[in-house]
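In this document, chain identifiers A, B and C correspond to the written order of the chains, with residue numbering beginning at 1 in each.
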Amino acid sequence: MMEQLLATKAEARSLSFYYGDFQALKGISMPVHERQVTALIGPSGCGKSTFLRCFNRMHDLYPGNRYDGQIILQPDNTDLLARSIDPIDVRMRIGMVFQKPNPFPKTVFENVAYGLRVRGERSRRAVEEKVEQALHDAALWDEVKERLHQPAYNLSGGQQQRLCIARALATDPELLLFDEPTSALDPIATASIEELMHDLKKRVTILIVTHNMQQAARVSDFTAYMYLGELVEFGVTDELFIKPQKKQTEDYITGRFG
Amino acid sequence: MHRKHQDVVFALVGIVALMVAVLTFLTLFVNMAVDGLPRLDWHFFTSFPSRRATQAGILSAWVGSTLVMLVTAFFAVPLGVASGIYLEEYARKSWVTDLIEINITNLAGVPSIVYGLLALGLFVYQFGLGQSILSAGLTLALLILPVVIVATREAIRSIPQVIREGSYALGATRWQTVRYHILPYSSAGILTGIIIGMARAIGETAPIITIGALTFIAFLPPAPLKAEPPFVSFDWLMSPFTVMPIQMFNWTSRPEAAFQDNAAAAGFVLVFMTLAMNGLAIWLRYRLRRNIKW
Amino acid sequence: MANEHASKQYDLDLGAIRTRVLQMGGLVESQIRRAIDGLASGDLAALEQVIDDDHRVNAMEVALDGDTSHLIVRRQPAASDLRMIFAIAKTVTDLERIGDEAQKMARMAKAIHERGAAPLPPAVDVRHAAEAAIAMLRRSLDAFARLDCEAAQGVIRDDAGLDAEFRAILRQLITFMMEDPRTISTALEIVWIAKAIERIGDHAKNMAEYVIYIVRGTDVRHTRSPQPGA
């Protein structure tokens, strides 16, 4: 079927994760297909955000966290969780967009240029070109080209979130992580972000956490349902939403949960 | 009705309590102003102390205070800010950092004369810096270090975690995150803390007396700029000195009434300097905060 | 479908729609029965009533379409709920068509009796076929009510028998028409009635297939034989 024809961009292999003594993820194995949108759904506290944050080693920022298992990133077969791998190198390849738009209190331009500056890009022209391209890619250029050097917080919430997407895109990530990217936005802004994801997946692999099942159904090609730190079911989105294989999944997506 | 009555009573009690503080300060200030203002003229700022009260001025005192403050800032700011950043952004939480944290909080409460004793032993004799501007500056730097550290940490803590995560998610190192985000966004709070610390230091008397500042100085420290190469000189650092509060203390211990007026005038200048510094802190905070929103 | 939704109202709404589908099925079934009874008895008033009552079937279809679209808008049903609503929408269409077929039967029966023609012997076989069709309809409605795949598969199998019965009636009528051309008008009307019964069987089979879709999520339409346990 569809699954076998697709290349795998990343793959979790018996991934467990611990916050101190608490085991938040329990042996998760699943693929993330290249240039597809994979959605993670599940009730609050099921570990979907925790799982997402393993992909860019965000947990390394806080003490007491421990990974077990592997996340293999293709094409070079790198285990992102290996001790020998610097989390900074991981984050160089994998972008992230957060729940609440978090532009830096700087100008629109500097927000997008930041990833390039961090990578030591000195050429002014190269930075300008990349910034413009990223803003085009995030469908924001026309709205901000006149005010590139104004503070980013003057933008609307939806624009701020697209700015954060542009910021992540400027450094050409291979995989883009979205952590409930529209939970703070109104329906129109949400629709524009979803539309954007649809365009982006031509070039970049997307992994998205959402607590909105309809959103998962709308934007994703594959869906994973998680519950209490375990992966209950992973499958093609259309199939999962019409005929889930597991009763737990069925109960959750039909609202019989609780 | 009874409950409303309670409200009125408490409001009255509150107003009275507030008035006690405000009125006391006002009375002191006005009293000082009335006594001292007639003495405040150009001559007062440009004259050395003198045995004749009407000819005495605060030149050596305010120059001394300014130079000591420069030294204090030079040492306290980088040390305090660096410590604050290290504790907030770099140090892993452990019992060692907990211990350091408790120590810093306690240091802020140590009486200033204890710092003076420490400085006397360490800077004046051990390091052989003598009863100099450098010794005094270092002493006061030590005194306000905890204030600067605490202010830095508080300012850094007020930066939302999502901003840090946003920076790290783009592949930034800790230093890049500090350099491009933490420092710029916390600078308002840090500056406020520094200035408030300095405002405290400028009025400190006890530790300066302890390290042996002279009370009667009729000369200025060597100038920092010279006509011949290498043009700059740091001789002033080792110079004897006096500061505003000591000058005041000196005058108040004289029997003549005219010297009491001099003390009042100097006190007025000192209070004005302190208030001006606090005002600057408020203004800076307002200016810098305007550009930052989360 | 065993446990309940977190939203009680969702359960109530869905339950109400399913009940109304069964009520519509009951009305349609009585329409067929009265049409076939009318054919036998020649009670013109009763046949007239059947023709008239079709608007009640149509009204129920419209009402149920409204209910299902409201439920879709409000609840965004997924998985088994989605399949249920989808199947209900299609079932309602089939029931409405069965209603039309019953009306058609009543019209033909009325035409035969108004002309005062003597009924042809195959009327007995027609009655038998009609009973079979009614049984299929009832069983598919039961299968829908209980989400019973076995019963639904029985209905699907029985459709072939009804088709055979239709062809037998047709052959018989052709013989009559060849022997006595005066019977042609009546025979043709009976062909129409038989054809309507055969169509009712097809609709009942469709409804049975929707039941299997609801339960198993597999579409068994246009396949030779439903795979058990697929």
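The rule is simple: a contact is a pair of C-beta atoms (placed from the backbone, for glycine too) under 8 Å apart; a residue touches a chain by one contact, two chains touch by 3 or more.
All of these numbers come straight from a predicted model, not from anything done at the bench.
When you average the Cα atoms of each chain and compare centres, the chain farthest from chain B turns out to be C.
Inter-chain contacts peak for the pair A-B, counting C-beta pairs in contact. If each chain is reduced to the average of its C-alpha atoms, the one that sits nearest the average of all protein C-alpha atoms is A.
Chain centres here are Cα averages; for chain B and chain C they lie 93 Å apart. The distance from the centre of chain A to the centre of chain B, with each centre set as the mean of the Cα atoms, comes to 48 Å. Note on chain placement: the centre of chain A and the centre of chain C lie 51 Å apart, centres being C-alpha means. Interface of chain A with chain B (complex): residues 56, 58, 61, 63, 88-89, 91-92, 95-96, 98, 100, 102-105, 114-115, 117-119, 151, 153, 164, 167-168, 171. Contacts from chain A toward chain C in the complex involve residues 213-214, 217, 241-244, 249-251, 253-258. Touching chain A in their complex are the following residues of chain B: 92-93, 160, 162-173, 176, 180-181, 185, 291-294. Those residues of chain C that touch chain A in the complex are listed here as 3-7, 10, 75-83, 216-218.
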